[in-house]
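Down below are the structures I want you to see.
One chain, subunit A, appears in both complexes that follow, with subunit B as partner in the first and subunit C in the second.
Let's look at the complex of A and B:
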């Protein structure tokens, strides 16, 4: 196999340009980021630390945090991955609002300082990272999977589902588990046991799926969540939801469904009726 | 790094993306008495499968045939795929897709309730299942939610695996992993192990890949002695957003989007990819032609247009335009709503009214951990599946929508095989493994936290201190300069040399953070070390392959050379950890001898009569969700 040299250029694509993760500032302006800092091993109390970051119109808050971590202070701790608003990792409080930091542009805050804190209503692990333990337990509690006997039998081909049947639950299946709704919800803060908006919307998503047979099993769990009945339809969860899941709407529908179910169980023996 | 805690299971899976979760369910089903560990550096639903947009291929419609899917895959791979593996893949695909449907995946539907399919690049017939344009998101969440049903799947979320643990007999028994919350190094042990850690796009600067795609599993397997196969084959997707690299899915072209240069010309017709039919022609978009040609060719056409001065200059570099306007708002919102959302949010463009600026972007690694058609590596008890593995069905160029299906088919296969291996091979001694994990914790502590490592970082510490971001940026530059869409001997040699230099300098890397809890600077350092090893195999394998095939284009060797290179490259780690040793293994050819790879008018080759002129997608308009 010969290895002669060639002189042609290698056709570089993307040379010298700004790319996510290794950003280059476009001008002299800067913006201040005030980051919430807390380290369980060394800090008794949380504090804020300010950083001057080059201002770039195309940057999101996450880019600025990454720039700090890369170039100024490697101890800054946060979660992120996709940088396209779909993995759900990068939710934080920015100037008091729960947002996806990969979808929050610096230009909507400039020239004012941007204050970044971990999502409220969750225990802080370190800096901008919160504990997800409780959230994961709540997701699991609503049995978010298809319940029917032949779920592993593929011999008959796909279960049929019309576009109209799909539309009944599609919206509730769009949740990226970013937990912004938990940070916005007034009930979550007070009632530790409350399953909360995303988990209830997820349970409801399966209840509304024409292929599923597990509604009564799931409803047992959802209805026993007393806090669900305490949800006063403030609707903050739906306002902050970046994926238009409308968990508040799901909870209202679930309550209505639950009241019906309760009524049926009460007036009819179990098993009778739909 | 505190001392090792040991956890015992039957099978250990490293990776909680599509492949890892599918494997976990397969094992839980194969043997309900088994305990399955799933180790993942992020919560499973954060895995990068979540970003996949366009769809997953599987023959389901009467108009389609397994034979066609096989042929499209093999020709798309420029004949570097192993044909026995491709046959297995295509035959198993429909069943796996239906299974996922049964597990709740909200596939888009036809009016009669059957699943809808759309056309995709390099596919002769529409066979790509989709959930609007969030297919990977829905697949990953359906899989993850399904795993919650199984009490015997034990998750190690936010555990960063650093090393495979092999016993004295050379059998793989688990991994060492850092629990991020505490910094504790655990030995997670089993009777067999599956690596499902995904790709390594982060070796390049401009990529659709998320922060976590750093080739850790590939590097772990390589360091344990398994070859990395066909690493020179890196897929550039032709349509990424400039600046961020965010993907605009091929489904946008499957739905009829067109690519134009600065003169408004559909330039692909100048490169033997077929005829530019008017967008109102019922035959548009034509399968295996023009905008629905394969990705390697489309990305190469972009570079040629750029060289000819016919691309469009922007502040984020040269682009062409992806024009979707003729599809209309209703269709865009129904079929590719995420494309609109991404273009609006990240490019400030509404595709209903303006064309989207796009350029090629690193997307996928065709190569990976060398496994056979049973997903097994050469190390007893060690399996691999998903993007980190190379079976190989993708050869020199993966077809869009084959990867998501690959996760299911080979994730399930690896799971079943690893479970059987575990059943047939009883437990052995533990002792050596625990001490290996302890040593690994000690190694990490010494390398990154010790007084010496700290001194390297201080002003008076010998001055050689290196920052992660600096090394990473230099690696990025070297990869893009020398191992991009077009390469040559000189460019690749330079990249090889640069990587060797970076590996040396890496020894002086110093951290700001020497604490245990959630030390993401430490994990970034470990990820960089994975990337350096993986990048080295890419550059060296590319330098040795003196031909052009699929995504590997050598300007100094422009032709395919089947006499010398109808073979997989195998990069083995050498004793001193320096440049890899490259060997070759012939491709498995069963029924489809290498042929000319044609798209456009004669794209169908012998099957020309079929399907030509059938026009638009079968899930045509209006009726599907």
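Let's look at the complex of A and C:
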């Protein structure tokens, strides 16, 4: 927050001035950034604004946006935090590709212009910031936490798990909620209610966890029409995932699990064994 | 923060935006060729039931260049669909040996290409014996 105030108050300052925490330009060359701009209080429609940014081959796109905010235009609004691909905050469309801007090096685009937009398939709050409310609701819907009656009972010690049991879901637990997979998924773009890759992968992660007892609760949600059966396996969610979570794989596995339970319900209807 | 905000226009040409989207559309379109071949196959079965003369006439019709070309296209579509299907198998049906996951190429051979080539070899042997 203090950084927000510092860069906003700096307004337009000379490129020679150094703002605390701002990346330092060390190259004479420049690169053009075209930023998506939209301020709801003044703009009826979004527009693109071009900025000349010092080119430094060590810089990532996020460094360039921070430089613009600190030295040229303090009104540019974007979301970021860790700068090391862990927090998942700085996902944006760079030249049409959903990427973490902290991992997208300028040298990959130089000398051509770099167009930066907010993630597609999300409403835009302001400039490069999208609304995460719908995404958070979808995450919450799959109950992404351990469900068992004795979860608070520690008298028996920890809930143990073998490396083989861990291996079955570990990949899906690496999600950083960056939402790149939602920007890459055409189904999300067509059907607003579709739960989407990250939420379904996270639901599957807990369903595969040997310590969890909440699969039936979760599957009530995941088996609905707007959940995993809405996925047409385009697969691009897994292509853009910066953590190699493979949400497309998780969803197909969840489909197989759901189909098994569907047929099992025929063979062994509830209460038949009672 | 509300779920409001500016909503960008729907992208009708979305499938042209990424090579992966295009590959998806081609994969899905192969099903039309396979459905078409299924119709031809069902008609063939009905001609078999209609007697030798009807079947011979139908086979003669299928020997025309247009039908041969249609079959080649349907075969290519089926092969491409099978390749994409086998490519998806390691993602959809992972095989774990303890805590080690079978690598994608090995899984594709074990669950896809291996059985496919084996069955194809048996069919070819049966036809040529």
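Criterion: the second predicted complex is superposed on the first by the 245 of 274 C-alpha atoms of A that agree within 3 Å, B and C clash if a C-alpha of one lies under 4 Å from a C-alpha of the other, contacts with A are read in each partner's own complex, and residues count from 1 in each chain.
Simple rule for what comes next: a residue touches a chain if its C-beta (ideal position, glycine included) is under 8 Å from a C-beta of that chain, and two chains touch if they have at least 3 such contacts.
Because the structure is a prediction, the values reported are computed rather than measured.
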| item | value |
| --- | --- |
| First (subunit B), second (subunit C), both or neither touched by A:125 | both |
| Touched subunit A residues, subunit B compared with subunit C | B |
| Touched partner set for A:40, first subunit B, second subunit C, both or neither | both |
| A:167 touches, of subunit B and subunit C: first, second, both or neither? | both |
| Contacts of A:177 with subunit B and subunit C, given as first, second, both or neither | first |
| Which superposed partner A:82 touches (first subunit B, second subunit C, both, neither) | first |
| Subunit B and subunit C contact sites that coincide on subunit A, given as residue numbers | 40, 125-126, 132, 162-163, 166-167 |
| Subunit C-facing residues of subunit A, complex | 38, 40, 46, 96, 120, 123-126, 130-134, 162-164, 166-168, 184, 186, 189-190, 232-236, 238-239, 246, 248-249, 252-253, 255-256 |
| Contacting residues of subunit C [partner subunit A, same complex] | 1-8, 10-11, 14-15, 17-18, 20-21, 24, 28, 88, 90-94, 96, 98-101 |
| Footprint of subunit B on subunit A - complex, ascending | 1-15, 17-22, 39-42, 58, 69-71, 73-75, 77-89, 103, 125-127, 129, 132, 136, 139-140, 143-146, 150-154, 157-163, 165-167, 169-170, 173-177, 202, 206, 209, 211-212 |
| Subunit A contact footprint on subunit B (complex, rising order) | 29, 42-43, 45-48, 50-51, 60, 95, 98-99, 101-104, 106-115, 134, 137-138, 141, 145-146, 148-149, 157, 181, 202, 205-206, 210-212, 236, 242-247, 302-303, 306-307, 316-317, 341-342, 345-346, 359-361, 467-469, 472-473, 476, 480-482, 484-491, 511-513, 515-521, 524, 543-544, 546, 554-556, 564-565, 623-625 |
